[in-house]
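The two complexes that follow have chain A in common; it is paired with chain B in the first and with chain C in the second.
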Partner chain A sequence: MKTIQKKICLLGDFSVGKSSLVRQFVEGQFDDSYLSTIGVKISRKPVELSEKEVALNLLIWDLAGGDDYSKVTSGYLAGAAGVVMVCDITRKNTLLMLEVYSKQLTKVLKKEIPIVILANKCDLIENREIDDAQLDKISEKINAPWHFSSAKTGEGVETGFRTLSNLII
Partner chain B sequence: MPPQPSFFSNESRAFELLSSRMGVAHINSDQIIESAQGITQQLALSPEVEVVSQPVSECFVELFGLEEMIDLILAGELPFLELQEVNRPNDVGGIDYFDFGLYPADKNKPNDGLILFIENTTSQGRLMQNVIQQRNELRLTQQELSKANSELHSLNELKSIFLSMAAHDLRSPLSVITTYSDLMLNSADNFDNSPFEPKYVFSRILEQSIWLNSLIDDILNLNMIEQGKFPIEMEKIDVQEPLKAVVNQFQHVLSTRNISVSFIGSEDAVWAFADKNRIKQIAFNLIGNSAKFLGDAGNITVTVSPLPEQHEIKISFADDGPGIPKQQQERLFQLFYRTPGASKFSGTGLGLYIVKTITERLDGEISVESEPGEGTSFNITLPILIVE
Partner chain C sequence: MDLTDDKTPDYNDSNLMFRLRELLLEKERAKVHNLESEVTLLETEIEKLHQQILQTEEAIIPTVTQQMGDITKNAVDGQRHQMAKALGPIIGEATRYQIQENRDEMIEALFPIMGEAVSRAVAEAMNDLRKKIDQQIRPNRNSVQQEMINRMRGVDSANQALRNALPFAINQLFLIQHDSGLVLEFVNQESDDVADHDLVSSMLTAIRSFVNDSFSPESDDDELHEIQFGDERVLIESGTEAYVAAVISGIEPSGFRSLLRIFVNELHIQHKRAFAEYDGDEDNRPDVKKTINEFIESATNKNRIGKSEKSLDSEDDSASKMLRTTGIIVSVLLLSLCIFYSILTYRLLPYAFGTQNSGQPSNTPAVIAPDTINKQVLTKIIPSQPRWSHEDPDYDSQTTHLIEAGSTLTILRTEGDWAEVEWADESGEIVHGWIDVGWINLKK
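And then the complex of A and B:
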């Protein structure tokens, strides 16, 4: 089995759960308190794709979210093999931000790379503000599959990152 | 004057301080580290492995994947590369922040190699983190507030809709009471000569008062509307009973206007699982509506047809009035038609909205058939209850 190292980036509005998703995926832990990320945090996680006989070493870039998407420049995105775009199903404007990020992405990279959309905080389904149809629509628009996820319960987290890994390799 | 040359010498105190907070490395044109000083080595991916003579992008995770960009700087096509506030976990479970920069070693000859410049920016980073944290928390609070605000707004709207619905409903029984009281007052001096049976008239007045009372109960139960509920009490009824009762009331009131109200039903009971007061409410609205448009003469017919094969009961309220133009029929059941900019409610829209709402709550459907000059017929279907 050969080992490949790949860089992926997480993009999305502030407080949608990017850092929590990485933490759940890498360490299997979750914290209810909120600590805003500034700058960039890189974590590493090995993912075995036995069907493809590849041991993937993911370098996961957690970028500070918010309206500072203009700061998400080539220095941060260059060399990325894929992107996880995250929205928070309890805040409808976090979905709009995905389109902004997707435009920024193509502008900076000047090429298309695989994207997976995570509709996060699915444990809070009763406070839902984003419906399936809206997710289908953006999914089609930016040509990326979407999955529900919860960094809190862990639901869909592994699936999300694995889906992207498979698209990359 | 201190001796200038020794100030930045390797042995100086100034150099010692600088090297505890900064790191520099010289990168050759093949992207290999040629020399490293300060904190460079301790920030490497494997601090125990000497970084010198290794590719720079393999020593720092932050630079992995950036090889092409580094080549661009070496080719003079990109002035520099900076990564700000790179997070690194520290020994006490917190985060330290570093700025990474790659610059040409010689501004005029980029091909001569690059300088990797690393600066520990933890103190500014923490301040910045604090500011961003507060800004984001504030924004979240703002978003929650505006959400709560719009929820309150629609709740408020729901309340005023209910109030207008109720006010509209109060009017029909009140007009029956007024008419009968007026009749009685006019013949109060000589009941014996009155064409109306006082016992009958007073019982109608009483019936309408009871009906009014139940409507007022609804208004007082506003909290139910807050939960989006419109109280319905389902029971096994002969749907003809409440309809006949309303037809009866209108027959007496409308006879003075030369309007006939007739009921065509079946001998046998037509069973449904429904709310008799809500059925009365439907009849009040539809018959009252027809009466309003008929003027001084006309016919209103209420027909009940049980259709057990289709599992339904068809109730039609037909009149031979002026009819409704096609283009208005679609809007008929919309909640009070508002002229743009104004907030006045049109009279009829409300009643028909109530009728439609009730019909749907009774698992029924409503439709309208009308041609200008040909009269109007409102058709309601309700599920039938088969009683063995």
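And then the complex of A and C:
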């Protein structure tokens, strides 16, 4: 089994749960008081893809969301092998931002890289503002599969990152 | 007045009106009166109490203070954590307020604690430095040479010792792909394990990107070159596809930065395509570990100066050369002087002793040779220390007389290393015997 290192980035509007997703994926924890990032936070997570006989070493760049950081984060996107885009199913605007991030990504990298959409906070399904049809539509538009996820319960987190890992390799 | 009378009452009758008011307000007036009396009483009592309090204030305050102290103590003992939690923010706020309002008082109050802590920390740091300097200035094989080099270069020894106490070392060296921040190679010279170098390299890349985007977004030429933390510094030198981050301690030698730049350029000449195409696959990683190790070794070891390093220690080299040349010249001069002196001595001996010198050495600073002593010329000869004379020119022969140090001897004849001498003993009697010429010296 050979070892491969890859840089991936997390993109999404502020407070969609990017940092919590990384924390859940890397450390298997969810912390309600976990602060939203102000720039970038980098974590490492080994993922074993036994079917491909690859030990993938993911370096996850968790980028701060929001317009204020768009200029700074564009530099962070360089060299990324894949991107996890995160939206909050209880806030419709967060889905609309994914298209903006997708355009920014193409502009910076000047090429297409694998993307996975995580529709986060599925544990708050009763407050849902984004339906499956809307997710399907954006998925088709930016050519990225989507999954429900919950940083709180851990549901769909591993699946989402594994999907991206398989797309990268 | 008859109220049942049909006649209309006279409302202008003042007596009548007064009586009517009396009848209607009698009870209320009594109540008001009572209340007024009560208020007066209460005021009197309050005044009395106030007076009592004023009189007994000195007695009350200690009692209340005692109670408060006990209450606080019980609360602290019983609910320590809650008390700390409750008082923590207030203490912080109070300290801040006090610092703002009475800065000098706070400094005075905190000085014994802070001063002691600071002085202890400084003392420990100074002690470490002293040990290092002490180690540096201990005499060793090169210390004299170094001292002379320093003098020639006008460098103070103390400054040199201080500089040597902070030896230069490359602790870690990262070779990192530009955009992705992936580690192309990592070399750790320290014995301790370091933090996850993959994460460190990514964070370094992020910091570089952040600084470049924040301070020089339009220029590709301006880059972050150095990060300092504690005793260590990270020197960053960038190529087109990868950059090197060298974590160093101490003071780098002059020219090290250019050396690092040359190293990065050389790496790019050999591996540029590999750096650009590296995709994180270990199998595709360029093999540069040996090159990096060689660079670290050559940069930190002055005894193995490579081609590119010659400029690094050129000042030391020139000083060493000058010192060696001076040493050789001085040695030649000294040798010439010795030869000249020896020849001169050899030539002068016949004039001093009247015959040719056989050159027999002695174990004392004697300058006479046994076969060259002439009785008529040299009669003032003294032993350098008390010695026994012998009956014959042989140590196994019988001893005859003790010759006191400083005695004036007259040499009668010589035989081998021995001389027959005569002198006046303590009683003035002339005695004679044989003595090894090694023990006698010319009297000045």
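Keep this in mind: the second predicted complex is superposed on the first by the 164 of 169 C-alpha atoms of A that agree within 3 Å, B and C clash if a C-alpha of one lies under 4 Å from a C-alpha of the other, contacts with A are read in each partner's own complex, and residues count from 1 in each chain.
Methods note: a contact is a pair of C-beta atoms (placed from the backbone, for glycine too) under 8 Å apart; a residue touches a chain by one contact, two chains touch by 3 or more.
Quick caveat, the model's predicted, so the values are computed rather than measured.
Undergrad: Taking chain A as the common reference, can chain B and chain C both be placed on it without clashing, or not? Answer clash or fit.
TA: Verdict on chain A: clash between chain B and chain C.
Undergrad: With the two complexes superposed on chain A, say which partner A:P145 touches: chain B (first), chain C (second), both, or neither.
TA: A:P145 sits against neither chain B nor chain C.
Undergrad: Going by the contact rule set out at the top, does A:A80 touch chain B (first), chain C (second), both, or neither?
TA: both
Undergrad: Would you check which partner chain A:R91 touches, where first means chain B only, second means chain C only, and both and neither mean what they say?
TA: The first partner, chain B, only.
Undergrad: Just chain B (first), just chain C (second), both, or neither: which does A:V40 touch?
TA: Both partners.
Undergrad: Which partner does A:Q5 contact after superposing on A: first (chain B), second (chain C), both, neither?
TA: A:Q5 sits against chain B and chain C alike.
Undergrad: Taking the superposition as given, does A:G28 touch the first partner, chain B, the second, chain C, both, or neither?
TA: Neither partner.
Undergrad: After superposition on the shared chain, which partner residues are touched by A:S15: those of chain B (first), chain C (second), both, or neither?
TA: After superposing on A, A:S15 lies in contact with chain B but is clear of chain C.
Undergrad: Report which listed segment of chain C has C-alpha atoms clashing with chain B; options: 167-175, 311-319 or 347-355.
TA: Of the candidate stretches of chain C, chain B runs into 167-175.
Undergrad: Once the two structures are superposed, pull the chain A residues common to the chain B and chain C interfaces.
TA: Overlap of chain B and chain C footprints on chain A: residues 5, 7, 39-40, 42, 44, 59, 74-76, 78-81.
Undergrad: List the residues on chain A that touch chain C in their complex, please.
TA: Answer in residue numbers: 2-7, 39-40, 42-44, 57, 59, 61, 71-72, 74-76, 78-81.
Undergrad: Name, in rising order, each residue of chain A that touches chain B in their complex.
TA: 5, 7, 14-15, 34-42, 44, 59, 64, 66, 74-76, 78-81, 91, 93
Undergrad: Report the residues of chain B in contact with chain A in the complex, numbered from low to high.
TA: Residues in contact with chain A: 61-62, 64-69, 81-87, 95, 97, 125, 128-129, 132-133, 136-137, 139-140, 143.
Undergrad: Can you tell me which positions in chain C touch chain A when the two form their complex?
TA: It is residues 177-183, 196, 198-199, 202-203, 206, 209-210, 212-214, 217, 279-283 of chain C that touch chain A.
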